[in-house]
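Both of the next two complexes hold chain A, though its partner changes from chain B to chain C.
Presenting the complex of A and B:
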């Protein structure tokens, strides 16, 4: 079986359609994020049941979670296979400690369960599998040839995002009085905290004597974090649809200064999106 | 029937005004709106959001954000099923408002979220019986979000989903009972 499986070859049936993240980011209508336009609305706003479109917004987000779970399973599975057992100190061919592979095997078990939960939740919310497009950035981050960067990008950045999303959805279910959603999100959230902590622990352990590698990994995490702040989708602004879940991130091994940095990255991502919107404004005006 | 689509040419999304016009013309006949009814669809293509609202019933004017017609799998492209779903639901609500027997419903802006969900359930249920593909479970989830995840809410949903000839007082009463 080959190592480092390319994203283009992921197994998907005809229900699933891939849309590149760039297509979303470069959508000229994102000018709405900065310019209230004719409707007078700045953006979709925080995801709470009070939003008129809340049920459909929650369905779309849940579908994004579902395809993310598939890719997380695929990524953790690849990490079990792609690297030889060794010290993991970065010398020679990529190697990882056997215990890291065990962690990834445990994560596969969790992600497989999350896929099944997500499928059931999609049915509960009235969503067809494949109803919304899939972007494959999570798996792409899981293709990094350095296992430390891979775990930092996936487990700390993207699973960290999952903590924020699951916490938002758990609160959504609680406020809406939906016991099924609240219960499922709470259980998955607990697993995500474990996954993020795995990433934090392995990052520190494998780079304890290799600060340049640690810095490369953290820089990779910053890039992934910025991309997945999606122009303010996740952040600490009042109208960010998904809020930074500081308490759960703390449980997952994030330090206060790391969360402050993440909040700043999200703010920068939002400002950059607004700058793009500003640049596109003449096109919309005509 | 005069049907106008604004704008006639789209620059930020890949929508075809003629395709939207054909959907409206088909729906007007299917739903049974007056043949002489004038319908204008104003599409705000500057936003990917998906709000849609009736701004006038005579003439009929519907304002739509482009996300409401968008294919969830293909960015900035029209999805005929989504457009039919949104327009069909709104045109059925217009038909209700134009029917004196329906009674006086509050203005759209004054409807509560449970009332909106109840009326939409009634409209989409009828749209499904007219032959359009509808997502019953999606609508049930919306209804439950506004009326509670209870057996009483589910029974109220079924009553609205399968009904014809309801008045605003009927819809309002079913909605209120479900949340009581």
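Presenting the complex of A and C:
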């Protein structure tokens, strides 16, 4: 088996439908959704049971969580395989500490459980696998050949987003009076805090004496964070569908200034999406 | 003690190879249930390798990396062959290697070790062997159920048998996961025979 497994080769059964991230972002219906304020995920505001589209929005988000969990499992698994154990100073295949691989194996188990939970929760919410599309940008972040950048992109950016999403879903379950949803999201949230902390700890350990590498990793995280902000989907505005979960991020090793930067990145992503919506408005009108 | 440390080093090496490949295979198998089991079992074997890693210094091997090694080149050849399948249509071959050849070999080695070391002086090793064996039996059962659900035709059965035979020959050449003597020597007279 090859070291490094390309995203195009990810194995899926026939239920899964892949949609590229660029196609999703450039979908002109996004502008329509932003205009109407009542349909579509983006622009529809915070996820609350009062929203007319709340059941569909929650089910779509749940399906997104499910496919994200699969890719997180695959990414952690590849990190177990792609790198050799060593000091990190060798030539050829990049090396990582033994303990880093153990963390990734532990994450595999957690993500496998999250997949099982997500499948059950999707059924609980009335969704079948494949009812919504999958995009694979999460796994793409897990293909970075530098293990430090890979962990920073996946464990800090991506799993950080998972903290925000699970906290949002947990609150939604609480407000909606759904103890099953609230219970499951609460437990998955605890695991995500652990995964983000792994990313934070390894970033600091592995780059303690290599500041340029640390800066490259943090820059990669900013790029991934901007993608994961999904045009304002995640942010700190009152109407952000997914809110930044500062308290849980702090537990996972995020500093205040890092969270301020993330909030700013999310704000910029939202402004860019609104500009795209504005540019597409004439096309929708016709 | 030296023999115990040598074996524990081989155990750590093979557990590492197994958890690494199980993790790597997750992205390559289309069957969702298999994907999730591989992820779960990946952790089991990583934890075993950690148990052996921590046991080595207690057996006076202060540099665990020194004994983290295969017993011979034949076992390396076995691991190379077992980890080779990658395509999405090769799930049967992947599972056969892990669950019909390697894990049974580990169960045999761990059981032999458990039954032939001192229950008092080497009790910590026995405790770890018991934990590992509990996982090995459960994982073997999961793997066998996945294989039986995937093998639906005579052609698929032939594939499974052919791959198992090829890998089993490599394991035979290696003498087991700890090399020759992994489960003792069947032809060596026992203490009872002399009595």
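Here is the rule we go by: the second predicted complex is superposed on the first by the 266 of 286 C-alpha atoms of A that agree within 3 Å, B and C clash if a C-alpha of one lies under 4 Å from a C-alpha of the other, contacts with A are read in each partner's own complex, and residues count from 1 in each chain.
The criterion applied here is as follows: contacts are C-beta pairs under 8 Å (C-beta built on N, C-alpha and C of every residue); 3 or more make two chains touch, one makes a residue touch a chain.
All values reported here derive from a predicted model rather than from experimental measurement.
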Mind checking the superposed model to see whether chain B and chain C fit together on chain A or clash? fit
Which one hits more chain A residues, chain B or chain C? B
What is the contact status of A:190 with respect to chain B (first) and chain C (second): first, second, both, or neither? neither
Looking at A:179 after the superposition, I want to know if it touches chain B, chain C, both of them or none. Which is it: first, second, both, neither? first
Please indicate which partner A:60 is in contact with in the superposed arrangement: first for chain B, second for chain C, both, or neither. first
Please indicate which partner A:17 is in contact with in the superposed arrangement: first for chain B, second for chain C, both, or neither. first
In the overlaid three-chain picture, which partner chain does A:5 touch, first (chain B) or second (chain C), both, or neither? second
On the A-aligned overlay, A:279 touches which partner chain: chain B = first, chain C = second, or both, or neither? neither
Shortest span in Å between Cα atoms of chain B and of chain C, once chain A is used as the common reference: 19
Which part of chain C faces chain A closely enough to touch in the complex? 16, 19-32, 35-40, 42-47, 49-50, 53, 83-86, 88
Of chain B, residues touching chain A in the complex: 11-13, 44-51, 65-66, 72-76, 113, 116, 135-142, 144-145, 148-149
For chain A, which residues count as touching chain B in their complex? 17, 19, 23-24, 27-32, 35, 37-39, 41, 43-44, 49-50, 52-56, 59-60, 123-128, 130-133, 176-180, 283-284, 286
The residues of chain A that touch chain C in their complex are 1-2, 5, 9-13, 70, 73-74, 76-82, 85, 98, 101-102, 104-106, 108-109, 111-113, 115-116, 129, 139
